[in-house]
Every structure is written in structure tokens, then in C-alpha cells.
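Both complexes shown next keep subunit A, but they swap its partner, so subunit B is in the first and subunit C is in the second.
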Partner chain A sequence: MITTNLKKLSIGFLIAILVAITAFPTGNGLPTGITDQNTTETVIANGCTCHNTDTQATNSVIVNLTLPGNFTSGETYTLILNLSGGPNELSDGENRGGFFITASDGELSPIANDSLVQKPFGLTHLTHTVEGNDYREWTFEWTAPDKQDISVEFVAYGNSVNGGDGSQNDYWNKQAITLYGVDAVIEIETQKELSGPQKIIYAFAIIAVTLGVVVIGNQMVTKDQAFEEVLKGYWKAIYPWLTTTDHKYVGTLYICTGFAWFFIGGILGLLIRWQLMEPRVDGDFLTYEEYNSTFTMHGTTMIFMAAMPIIFGFANYLIPLQIGARDLAFPRLNALSYWLLPTGGIVLYMGYFTGGAGDVGWTGYTPYSSGDSSTTPGTDFWVAGQIMLGASSTLTAINFMVTMLRMRAPGVTMMRLPLFSWSILITVFLLLLSIPVFTVALILLMADRTFGTLYFNIDAGADPILWQHLFWYFGHPEVYIVILPAFGVLSEIITTFSRRPIFGYTSMVYAMATIGVISFIVYGHHMFTTGADPLFRFIVMLTTMLVAVPTGIKIFNWLATMTGGSIVLKTPMVFALGTVITFTIGGITGIVLASIPIDIALHDGYFVVAHFHYVLVGGTIFAFIGGVYYWYPKMTGKMMNEKLGLLHFAMSFIFFNAAFYPMHNVGLSGMPRRYATYDASLADMNEFISIAAMIFGFSQLIFVYNVFYSYKNGEEAGDDPWDGWSLEWTTSSPPPHNSFTEIPTLKVAEEEKQ
Partner chain B sequence: MSDDYGHHGTIAPFLFCVATAVMFIGLVMATAGGEDKTGDTGYWFIFFFGLAGMLTGFMIWVQDYWNQTSEESEEIEVYHEFWGTITTRKFGMWIFLLTEVMVFSTLLSAYLRYRAAVPDYDPTLAECVGIDPCWVPAADVIRSHLIFGIINTFALLLSSLTVVLALYAAKNNNPKATTRYLFATLVLGSIFLVLKLWEWGEMKNGHFWGEECSVTVGQDIANHCIAPKYEHGFWLDTSLEGSTFYITTGTHGAHVFIGLIALVYLIAKANKDGYNEEYHDTIELFGLYWHYVDLVWVFVFPFFYLY
Partner chain C sequence: MSLIEDLIFFDNPSIWNDFGGTSGGFGGIVWQMFIWSVIVGLLVIIWLAYNVIYYRRKDGDPDPKDSLKAGVFPHERGNTVIELTWTIAPLILVTWLTLISLAPLNYLWDVPDDDEDALTIEVTARQWVWTFEMPSNYTMPSEFTKCGGVDQEGNPMQNQPITYDCLEIPHNTKVIFNLNSEDVLHAFYIVEIGIKQDVVPNLQTLAWLDTETVSPGEYNIYCAEMCGRDHSQMLAQLYITETA
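Showing the complex of A and B:
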């Protein structure tokens, strides 16, 4: 029944369509030009198609519109439109031509008493009248709009009529001209060339794809496997890594990801040093805006994507082992914390694909970051990526807090915890209280940028310095978050390789706790030049100097541990010793900067850059590289090559100091930071720094080689190659799947003579 | 990556994070991408796709708990008595709430900092002549319609009670009551959100003052004429009062919303008799979070609606 109805319906429909087609008038060239809305829209869309069965414009018809050079707001100009050319070149007579003109702004009008031009139905278009049909040139007026910093687009259509009635065999053309106001900025459409960083990223992508093809192809050929088999094999190898919740594997993922981003951040650093090899003009190597993105991404990458992941990678791997637990309290949450890292990193770096990565400095000061001058959407990606990373750190902190307080093995009392564990415990406490503040600040910044809120908008009465308070309230504990675990690693290495327990264990614990607490009060020392309250600045100066005391206690305790011990000079110990030296130098320059008058002179200069690189690279990075050499045997069961390790140390230590020590000097000479160029008198120093920095960067390849080489060819490590006595050395290398076959009981926290 | 003591591999964290990244990329491109950097609306699809992925990841995650009937495999032995007085998950929830305290402290302190910097609007004060320099709080906008804020407060407080009653019912092996009380919590929470969204809409359009009246300097706001600042409505980009109000109450509302999503899972499980004397901790954990959300409201309400 339905089908017959359907048939009837469709036939009826078809008939209706045919009737409509025949009944519907084809375009009608009206002698008076366009006088109704429909035709106007047709003309604007398709041209004077009513006048020719061929809907294309005819190039031989020339539509000429005379315009002034530019316009001033409110002025009235006389415009002339004439036609020439075309196959209907006839002298004036009846039915010679027609025109239609639109202007995107301003007002078109016929000249008074002109019978040749009309304004059809009140819109800002003009067309010819019946009388105007007989001519090929028309004159009319245009009044400029109120603004003169814009451009106005004119579209003029001309129809060359063949003298006869009807609309066949007329030829039309159109001309679009842009007229700029006196204050308008003329935009030149150029092919946007890829920026330097974009080129690098595309290059890496191409290399990665090529490598993939080569590797898969090689496997297919040498092992005679089908393509799907090869992929399946790789998937079977990768899938466990995507789904793991085991702290050892998550820890390994963290460490590898951290070091990968460390190298990316390092490349950005080398870009900075290449730029600063000599004074440059804008665009010489990097444009000044690209340079801003480079140092921003360098800082953010190094702190959030290199240092913190490496730290938490080691924490993930070692804390359960050191406290005698099988895993963390919330293993799945742990995996979530990890995976937020690479995904957040990708979001962060998306700016490079969308016209420029975030360029606001890793500190993101408002109003630069909340206003129009920062890159969009690069800075938005920078904000969004860090929100994800902040969530990652918060969840990690919760996990470790619960694990370390609740899951310690029998005998592992708080005051018997290894110092690395203590450092992580205090670090996560700092994280818990500071990261949420930063995340909220980022959300406020995002709201200002995306939803138009006014949190940092000066015109609305807001205070951009609020951002600085919120940022540095987090930012200062953050730098202690990255250094305290380094202190923990140093304690572990120095005690094992001095064959002595740590001197003053209790004071070490209290020193770290004190540093943690004070870290919340000192943040104002980043804001000495903001015009903050003098009392606030004074308190902050004092507490900053005060924090040197517990730090000094730790350094003296390490020295005291070594005195009277028998030192074993292996690579981990060599790195630890180097770290103590460079960190102490960095700490001292920190005290120099704590003095308000000195800081006011040196703020935002290279002295500060030198200071924080000494503590971050010379402190955190060297300590954790030492940690890699120390714990690599535990994690892989293989020893790393000693000779390569010592070579790595020598190159790193010498060239790190060669690169960063002179920065104190150029800083004192007044070289500002975050500038893409500098005064020519400092060129020699900067060239020296740049070359040293590049050698430092390339010498890290020795380390990479060592890691991979030793994995295949290193000698067997055994359970306890260094003869350490914390609990991780009681389990096998690498530890079994559930970390301990049996939860151990700690009887004595020090070396037991067998 | 073994099953040695109960934890096993799961794709949920990976999936959730990839979806979050997709969501953020969509959001940023939709609001700030495109040729003119003001938004490429095609990306809203990507944003919602990411949200869907996040929800999927969440659902895969909770699937492990769906059939769980005892805490045994979850609970880890404690060797130090003092810390053993609280379960691991409860401890974790308390630490998480500590971080949430920091979140709302930041929002409230930013608000107070800005509010304390200028005098509140008072027609007799000289510096308020232009009205703009003085603080016209959200409370003035809402004062004539405070009933909705009061209903919301009541709803939220009551919902905290219903959660406790649900827990009590579960402990007493009463699955029907458990489900009903949890459902009541959901209803009350939803009332809160609906009323809040309605309130927001009215404030955005300037309706709480009634008709727009012609504006002169020094008028009396208590008589419900619109402050010149707000004659086009009170929204988050109107003024600093608006920004602080909407972002703070909005963050709170977002926390309520996420709580409701978790609550749907709890109701579904309670409905299939999933909670009983032996296994009810999840309700308590949710209850802790819900009480916290309620507590934040106890601060937000006076600070923004009454002050």
C-alpha cells in the first residue's frame, strides 16, 4: 500500500518540479537595472548572468572605476565608472550599457539631478536608470565612513549591451578594488614561510616516519615477517607499557620521558645560545618573537617536563623499594599522573603548529600573557598544557603522601627512612600546598584570555601583580621541590660511597623540613622590583637569607660524612661531589641576590640566569645524573661503563662551568635576560659562553650512548653492586614483578657488618 | 605488569589523558584559533569528542569497581598502628580535600584582595561619584531575589544529610533506602545547579533589577535601579565584581557537577544491591567530598551573596 502511494507521490513530485522549471522565469535583463532584492543577490553572487546565457564574465569587457588614492573619514568623493572593450563596441545610442556597483562601507549616492544613476530600493548599491542604459560612463558620489583606518571594497559590474532588446549576447565583467583609508594598514598577502621551530618539528616528524618505515621494513625482510605480524609484534610489546600500573614501569616511563624532554629543552637552549652567539637584528636567526617563544618553552620544558618527571620517576621506582612496600597506594592514579605528562606536553607544544608557541616567559607575567600581544593560540596551549601537568603533580603528591605514611614495612619508622625518601615526603607536602594555587592562577589566566574575565585587566581596576603573587607563591616552593630530592640523592650516594652512615641524620631531616616550611615565606624575593610593601620586602629578604642556614647544615653534614670515611671514587660519587661544588656556588649567588638593593640592580639580568642554572643544572640535573649511574644497575641489572661515565662527568663539569660562570660577569656588566640581542661590547663573552654551552650539550650524548650500550653489554650487577644498605638493595636487580618476594623487616638502618 | 597482588594493567589512564589532550586542543582552537585568532568554531566537535573520551575513560576505570563486593583486595596491610586507623582510600580523599582547600583559598583570596582595595559603593561617598571606582557587589544584584540562594543553601545542606543517611542505610543492609537517599542527593544537587544556572542567566540579562530605568549618577541601588556599570547586565566580562563572582561560584558549581557524575555511578551500583554492611566505603568517600563541596558553599554564599 505504501509503495503504490509512494509511486504516486514521486510522480506527482516530478510533475511539480517540471512545471516549476518551465514556469520559473529565467533571468530577465531589466532595462532599468537591478531593482529588486533577489536579482541584487544574484548579481552579487554570480555577476550579470541575466545578460548572457554564458555565465562567465568576459575578459574583453573592461570595467574601469576611478577612485581616489585613499580616503579620509567623512569626505565625499566623485567616482567615475566606464566600460570599454567587449565585442559590442558601439558608439553611444540606445541600449549601450549597464552597471551595478556595491561598496562594503560608506555610502554611494547619485549626484543630484542625475537621471542616469539610481539607488535601487534604498540600499548602498547603485545602478543605472532606463535613461542611463544608453551610456557607457556614469558618474556618482561616495561618502567615506567614519573610520579611516579600515579598507573599503568596491565591486563594480559593467554590461556591454549589443544595442538590441532582450538579454542575449550582452557581455559583462566585474572589477573588485580595495580602497584604503589614510590610516589603514595595508595587508600584504604573502605566503607564510615556516618558522625555524616549525621547520625543526616537521624535520623531526619526517625523520621519525622514515625511521619507522626503515625499522619495520628491516624486520619484515630480515625476519621474513608480514607487515601485520611486525605491527602486531610491536603492539604486543607496547601495549603493556600503555596499560601498566606497576610503579617500576611507571617510574621507568617517567625517567625516559623526562630525559627525552630534557633533550628537547636542551635543543631549545642551544637555539638560545646560537641566537646569542653575536648581536643580531630581528630575524637574523630567530625573529625576536620566536626568541621569546624559545626561552619560554625552554624554561617550561626543563622545569615541568624534564626535572619534575625525572624526580618523580626515581621516586616512583625507589620509594616503594626503600620503604619496603609492594607498590604505591593508588597504582592506577599513578599511571594517570604519568600519562598526563606526555599528553600535556603535546598540548603545550601545539603552539608551534599554530603560529607560535607561548612566548610569555616560563613565569607568564600579566598583562603580557593576558593581553593581545602574546601569541594566540600558542599561549593558550601553554596555559592548557600546564593545567594538565599541574593535575598530574597534584595526584602524584596525594599518592606519595598516603604511601609513605601508611605503607612502610615493619621496622621502617619515620626516623629510619632513607634520606631520599624523606626528601620526597617533604617535596610532596610542598607540592600539595603550592600546585593547586598555580593551577587556579592558570585557570584565571585562561578565563581572562578566553572568556573575557577581568582578573588581570588594568582598565577594569585589576592588578597584574596578583598574578605574580599567585605564581611565585607556587614558584618558589617549586624550585625547592626540584632541589630537595636532589639533596636526597646526594645523601644516598655520598653515604654509600664514603662507606659511612650520614653525619647527623636527624639534623638532615629537620633541615629539609625547615627548608620546606620557609620556602612558602620567601617568594617575594622574585618581586623586589614591583613596588611591593617595604615591610613585605624586608621580611622576605630576611627569610631568604635564613634559608641558607638549613641548606648550609646539609652541606656541612655531607662534608662531615666524607671526612673520616673511605671514599670510593666511582661515577655516581664523582657527580655527587661535582654537584656539591656547583650547587654551593649557586646557593651563594642566591644569597647575593637576596639583598634587596643588589637585586634591584641585577633583577632580570644574566646574573640571575647564572644563579638559577647553577642550582638547577649544577644541583638538580647533576645530582640526578649521578642518581642514574647509581640506580641504573638496580633497575636494569647491568653496570654502566665507568670510563664513559668519568668522561661524561669531565666534559659536563668543565663545560657547564665554562658556559655558565661567565654569565655572572655579563650579568654584572648589565646584560639583560630575555633579550634576543645585546650590546656589542659583550660579544666575545657571549660567543665563549655559546660555544661552551654547545660542547656541554653535545657531551650529553656520551651519557645517552652509555645508557643504551650498557643495557646490551654492561656487566652483570647483582643485587647490591655498591654495597648500599637501604632496602632497595635487598631485592634483586631488576626487582621481581611484585618488587619484594617477601616484605622485609628493617632491623637496623645502617650498614651491618657481616 | 602482573596480577601478583590485585592490581592489573588498564588502558583507562592512557585513554583518559589522550582524551583530555584532545579536549583541550579543541577548546583552545575553538576559542582562539582560526585566521583571526578569535576562534575556529569547527573545533567544537573536537572538544566534545575529547569530553566523550574522558567520560569513556572514567567509565572504563570504574568498571573495575562495579562488581566489587569487598574491600579485601583493596586494603593493604599496615605495620605502623597510628597510620592504620584510617583506610588508604579515605586517607587519600582527605589529602585530596587539602588540595581543594588551596584551590578555593586562592579564589576567595583573589576576590577579597580586589574587594578590599576599593570602598564599597555608597552614594554619599565622594569617590563613588562615577560609581565605577567603587565596588558594586554581586550581593546588590541578588539582594532582591535572595530566596534562590537560600533555597540552594538549604538544598545543599540537606543533600549532605541524605548522603549520610545513605551510608547509614548501606551499613544496615538496606539497599532500597541506600538507593533512594543517594537519588535524593542527586535531586537536591541538581536543584542547586539548575537554580544557579537560572540565577546566572537572570543576572547576565540584568533581570534581577526589574525594568531598565534611565540612569543618573548617585542613584539608590537598594531601590532596584540598575547601577550604570550593569545597565547591560551583570556578566563575567562586565566588571571585576562579575569576574570574581562567576569564576568562584562557577568553580564551585563545576565541583558540584563532577560530584553528580560520580553520584550517578553510585546510584547505579546501589540499585543493584552493590552496597551493604561489608562494602560501603565508596559512599563514605563520596560523602567526604560532598561535605567539602557543601562547606565551600557555606563560605561562598556569605562572601558573595550576603557581603
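Showing the complex of A and C:
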């Protein structure tokens, strides 16, 4: 019963969406068409000067001419020409487009009694009439020439018009098509140059096929297996990963996907640094447009496709173990959340194969992102991918919330949860309250870009900073969503390696909860220079400063935990301590930026870039790399190599600081962020930063090597290699299929003794 | 080693060169922020180093008596007095920092009235150029030679409805910039002076500058809000020239 209703409902929705899409007009035109000899000649020589604001044709306008496959002499064919793309801010349905078409042979003529198309007296081309400019599709006839062993060249010009006065924001494009007669000998075109994305795809395909042949061939020869057997073997290995709903498998998938995107995002980051190695002119390395795409994809990838998946990978793996549950509350929903991530990521990256990825910055400020000058369709892909990632996060948040509130083992009361669990609990609350807002904003933006709505259209009277409010209402809690779990990881590592309980467990929990609450009332500090209400700005300055208090409590509690302890300096601990230092620096610059007078000078500059890299890389990423070293033995049963780990830490810590610390200075010297080139006086500093960033990037390969090396050669870990206390250490490493052979009970130290 | 020098000396003159602060206590707050940052940063790093050196586990050390055990929630540790100390101390510090942010804010937001014979300039931003329009009753001082056209005899044109792509303003004057955008968001950023204000379509924003507080010379105007392809090329020159 319910299912049939659902089916009807969803079909209804689909129809409604289709109607909505077709009902929204997409463009607007010039009154009378091209009717005199002089203009005709200019159009043919220079393009559509009849109505140009821009002497260049625009790729966003797509001119489509429907022709038969070939022609027979003397026959008459009906041709259809239509336009799409270009401006779509339509006030009414009038003046939407125009066209002009010539054929090198045969005769073009309007269909009898058609008032939309005209053939000017004494000329051979066709154009639209005054009535015809309300349309973007025209139908007319063409009579083929007497000979059918020749080819005919059609040239069509389309003008996409917004209907406003004057020619501003009108765009045009042209298309030339050759039509062959049935007897024509078609010359085979000599080798066409491949486009850039095609080259990449072909190159990857060739590499993949070669690798596949080598690997499978090698297996067939060395193990003497038939081709099918080898493939079956691989299928057997992959199948459980594709179909799993087990939190440990999903968690591992999340972590691996997160780190894979982290490396892709890292490569984009290195492209940025290579571009900024010296002040370059447009196209010297990246064109300015490509640079904009690069930093957009770098930011988006790192936040949504690297940091958050790594966090939720660990949460997936560890939360059921730490609270003593066999799995999450909704395992299938969990698998759905995961699979939305790689698919959403691929959608986001599709822009690279369609002429330029999204170039609006990870913040996607309107009206730039809702207007015509941002990349099309790259930005549309960016929006669509983000919506999928938003859906994924929302589902994850609900899943964890239910799991942690309902499925705790005996003895695991709220105030006895490990601090990592607490941090995830607070994080998912923030996530559930914030990310739907962003998703809704993205849907509005998508409607603006695709269906012609006017939510963010300035000319239609939209609030120019509405997007910023919607974005940062989500965006600031988002910052804490990625840093709070890092606090959780640090708390776990520091207490374990100090060999004693955390100092001030209760105040740690309250501090995190306080950060969570405050995070919703500070977002305005991203908008100090927008011209928002001064009182609003003053209040958010105050609340932003307050964030320092709970954050300070956490840092001091960690330090107090260590004082008087028995500190074991293994790789996870070293990473945790490094994180405390870099995060403290990032936190301090955060307070500096919270002061409005200083923020006005430093806003949108490299000081800000330095600040958030110190918190996100120096905070989140370092903490979670420490987390990998800490929980890897639990996940695989093998210890990671200590020497490689310490080398990795040393390289990362030194070159991270070498790369990002000077960015503070570059920022104070006045270099704005998102600049593809800069003042020559800053060249030395930028070169230094770039080189350090490259070394920082490449030193992460040590980590990758260590992960694979230790998987094969690592020492056996045992159940509790680091002497941690929480419940994940009571099960075997790696945990059994159902996580616990028997649901454990958390004991309490005070009762133990009695 | 100029690089090392660059790292040690910050070269944004408005922020660092005069710590005393000219524009309404601005230099002062930068100085305080810097000092407190160093103090807090050093406190954390020194305490951390102290812990690592003095409490590092050596071979054969016994476990602390409250050491952790798998599956057992550990003893709660804590000391209310100490925890309250490092709640209240940062609270006082940030309250102080907020307080001293108010004076320069009061100055920044106190835009002079039109009748204070301030010079009001219409600044228009569009992808990717700045244009500056002087008021209709504006007479260009004869010392100004940097911007604008010249007439047939080579003298700077005066009393025209003038639009420039660079800007020359007199020293010792209050200048108000009325900021307008024709397309997307931009930000009006005078680099060396540290003035920044978003330029928002459909919303007029304001920035102002008392040129008495800065020395005459050449300054850069950048766009600081991502606005598309040539965002990094959206530059203009500002000249502050002394007049008789």
C-alpha cells in the first residue's frame, strides 16, 4: 500500500520537476533580423555584429542545426535551428533570440505562411522577423542544388538575448556544418587534434589496460590459472567491499577514500604552489581560469572529500567498538552514506572533462556563482556533487546520533564515553543542524543556474549577501565539525601515552559542548567586510573571542594530563604533541583575526590562508594521521613501523611549518588570497613557501609506504598494544566479524578496587 | 639573508611601522595582539617541552598508580581551582582584547559627514576594472599630473565629468569612497593602508580615509574578493599628492 503510494508520489514529483524545467524560459532578442546587404557582409566577415556586446563568440551559447544525413538533388528538406545557453534572466517571454543562416549552395526559404522566419528581399540568407525574435527555435526549408556529388556548407549564427534594453549581457555563437550529397566522395579528415580531457582519459585508459594485462598475465603465468579463474579471484576479493554494511568495512572504505581524495587534493595544492612559485602571466603555467578551478577544487576536496570522510571513517570503525555495540543502528543507511561520497566526488570532478571545473571558490559566493561568468557546466557539477555529499553527511549524522544514544553497552553511561565518542556525538549534532542549511542553499543555487529561478539574482532584487549568511551559518559549524573529532583523537592519544587518566574529563566534555553551541553564533566573523549591520558584527566579534575559552581549557587539560605522567614517545604521541603546537598557533591567529579592525586589514589575504591551514592541516589532518598510527594495530592486527613513522613526523612537521608559517608574513604584506599572480616584491617568500610545500607534499609518500609496508611486515599487535582503556582495546585485533564475541561491560576504576 | 629578515620584520607599514598607532589606536591593538600571542604560544610550548623532558618514561619506570586498564573507566582526575583558573584567565584576556578592539572600531565606523568638506568619490567596480568618478563640483589641483586626460596643449583636463582608472587624491583631506558594483562581489582594498571593504551589487558600501594619517606617495588598490578570471589583475593605482 505504502509502496504504491510512494511510487505515485515519486512519479508525480518527477513530472512536476520536468514541467518546472520546461516551463522556465531560458533566454531573451533583437527586433528585426538582418535584412540589408551591408550588415549581412559584416556578419559573414566578422561574426554577429548585428547585436554584439562582445566581438567574440561565446561557448555558453549552443547553436544546434538539425540537418538530414545527406541530400538528393532537387529535394526539399525541412531544417530546424535552435539555441540554448546564454542569458536566462527573463523578465517576460519577449525578445529572446535571433538567428542568421547561409548555405553555400541550394536555396533556403521560409515555410509558407510562417511569420517567424524571413528571407530579406534580394538576398539568399534567412533571418528571423520581429515576431520571430520571441523564440529560440525556428523551422525553415532548404531545396537541394541540382548536383548531388558536391557538399554544401551551412553557417548558422545564433544570438541569445536577455530581453533587456540595450545589448548588455547578450551573447552569440556560430556553427558551421558541411552536408554531403548522396554521391559526394567524402574526404576523410586527416588526424584531428585530441582535446585535453580526451588525452587524459585515453592516457589513463592505456595505463589501466596495460597494468591490467600485466597483473592478470602475471597471475596466469605464475599461478598457472585460467583467465576466468584470475578474474573470479579478484571479484571474490572486491565483492565483499562493494556489498558490505559492516561498520568496520565501511569505515575502512571511508578512511581509504578520504586519504585518496586527500592525495588528489594535495596534488591540486601543489599545482597552486607551482603556479605561485614566481609571479606568472596568464597561461604561463595555469591560465587564470584554471587557477580559479584549482583552488576551488582543492578547498572543496580537502574539506568535504578528505577531512570529513577520514573523520567519519574513524567514527564508523571506532564508535561501535568504543560504546560496545556490534554495528551502527542503520547499517544499510551507513552503506548508502558511504557510496554517495565517491559518486558525489566524481560528479564534482566531472567539470574537468567538460572544459573547466567549478571556479567559484569553496565558498561559492553568489552572484558570481549564480551568474554567467562562472564556468559552465563545471560549476553546475560542483553544485550537484556538493548536494550529494550534503545528503551523505546528513544521513551519517542521524545514524550516529541514534547509535550513540541507544546502543551503548552496559556500564557505558554518557559520562563514561571515551572522549573521541563524545567529540563525534557533538559533531553529529552540529552536522545535523548545519549541513541541511547548506544543502538547501545549494539547491536554490542549482535552481538559479539550471532552471532560471531568481533566488540570488541581483537584478531581480535578491539580497546580495543572502548566500553568505546561508553558507556561513553552515560553514562555521563545519569548521568545528572537522576540528572537534581531532580534539577527541588527541584526548585519546595523550591520555594513553601519558599512561594516566585525562585531567578534567568532565570539563573536557563541557568544553566541547560549549564550542558546539558557540559555533552557531559566530559565523558572522567571516563577513566583517561585507557591510553587514555593525551591531551584528560587534556581537560576533565578542562570541568569536569566547571560543578561545573552551579551546584553551582543552589545551591546558591535555598539558596537565601529561604533567606527572609517564610519557611514552611513540609515533601517535609525537603526532599528537606536534598537533597541540600547530593547533595552538592556528588558534592564536584565530583570535587575532576575530578583532574586527585587524580582520579588516587581513581579511581575504594570506594571513587567513595561513590561519586555516594551521587549524585544518596542523589540527585535523595531523591529529588523524596520529589516529592512523594509533588505531592501525587495532584495524589490521599489525604494528606500524616506528622509524618510518618518526621520519614521517619530522618531515611533515618541519616542512608544514616552513610552508605555512611564512604565509602569515605574506598576508601581512598584503597579498590577497585566490590571486593567480602577485607583486614581484613577494617572489622570494612565495618561492620559499612553494619549495617547502612540495617537500611537505612528497614526504606524505613515506606514510603511504609505511601503511603498505607494515601491512605485510609489521609486528603482531595483540589486543591492546598501547595499554589504552576504552572498550575497543578489549576485543581482538582486528575485531571479529561481529565486533565483539560477547557484548562487554565497562567497569569503573573506583569499583574495581573494592 | 633577506628571507630571514622578511620572516622577522613584517612589512605592512600601517600595521607595523608605527606601533604607537595613528588611526585611532589601530597600531596599539596590533601590538597588544602580537605580545599576547607570543606569551600564550610560548606558555603552551614551554609547558609541553617541560612535560616531555621531565615526565618521559624511562626503561624500568613503574606505572603510575592510576594507570589505565583496558575495559575499565579510569579514575576521574581534576582540580576545580586549577580548571577555573584557566577558564577565567582566558576569559579576562579575550574580554580585554575585545575591549581594546573597540577604539579603532569606533574610529573606523565613524564616517565623516558630507558637510565636513570631505571629498566624496564614486568608486565603481566591475569585472575586472575599477573606475573612479570625482564629484561634479570638483576642481583638480594643478599639482595633479598622475591620472586623467590632458587637453590639446598638454595641460591636465579640469572641471570635466571625470572618470579615471587611477586615482589621485590630496594629502590632508578626508576622503569618502562610495563603493558600487555593477556585477559580482568585489572588495576595495588599499594594500599598504589596510583599508578593505566589500563592494556589493545592489548595496552601497562606504570606506573612508583621512589622508593626513598616511604619507604622500603611491599606493596599490587591489580587489580582494574572488570575482572571476582576472581577479588578480583587478588593480589600480592610488596617488596621494601634497597640495599647496
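Heads up, the rule we're going with is that the second predicted complex is superposed on the first by the 540 of 754 C-alpha atoms of A that agree within 3 Å, B and C clash if a C-alpha of one lies under 4 Å from a C-alpha of the other, contacts with A are read in each partner's own complex, and residues count from 1 in each chain.
The rule we apply is simple: a residue touches a chain if its C-beta (ideal position, glycine included) is under 8 Å from a C-beta of that chain, and two chains touch if they have at least 3 such contacts.
What you see is a predicted model; the values in this text were computed from it and never measured.
In the superposition on chain A, A:131 makes contact with neither subunit B nor subunit C. Look at A:278: by the touch rule set out above, it reaches neither subunit B nor subunit C. By the document's definition of touching, of the two partners only subunit B reaches A:470; subunit C does not.
In the superposed model, more residues of subunit A are touched by C than by the other of subunit B and subunit C. In the superposed model, A:730 lies in contact with subunit C only, and not with subunit B.
With both structures placed on the common chain, the touch criterion links A:441 to subunit B but leaves subunit C unconnected.
In the superposed model, A:336 lies in contact with subunit B only, and not with subunit C. By the touch criterion defined above, A:461 reaches both subunit B and subunit C.
According to the touch criterion, the shared surface of subunit A, contacted by subunit B in one complex and subunit C in the other, consists of residues 461-462. Residues 288-289, 292, 359-361, 365, 367-368, 371, 373-374, 411, 416, 458, 461-462, 464-465, 495-496, 498-507, 529-531, 534, 538, 541-542, 545-546, 548-549, 552-553, 555-557, 559-569, 577, 580-581, 584-585, 588-589, 591-592, 595-598, 600-601, 603-605, 661-662, 665, 668-670, 672, 674-679, 684-685, 688, 719-720, 723-727, 729-730, 744, 746-750, 752 of subunit A are the ones that touch subunit C when the two sit in their complex. Looking at the complex, you find that subunit B touches subunit A at residues 1-2, 4-5, 7-14, 16-18, 20-21, 24-25, 27-29, 31-33, 37, 61, 76, 78-80, 83-84, 88-89, 91-92, 95-96, 98-100, 102-103, 105-107, 110, 113-114, 117-118, 132-133, 236-237, 239-240, 242-244, 246-247, 251. For subunit A in complex with subunit B, the residues that touch the partner chain are 240, 242-246, 249, 325-327, 329-333, 335-336, 338-340, 342-344, 346-347, 350, 354-355, 376-377, 380-381, 384-385, 387-388, 394, 397-399, 401-402, 405-410, 412-413, 432-437, 439-441, 443-444, 447, 449-455, 457, 460-463, 466, 470, 737-738. Considering their complex, residues 2-3, 6-7, 10-12, 14-16, 26, 29-30, 33, 37, 40-41, 44-45, 47-48, 50-52, 55-57, 61, 63-64, 66-79, 82-83, 86-87, 90-91, 93-95, 97-98, 101, 104-105, 108-109, 127, 183-185, 187, 189, 191-192, 194-198, 200-203, 205-206, 220, 222-233 of subunit C touch subunit A.
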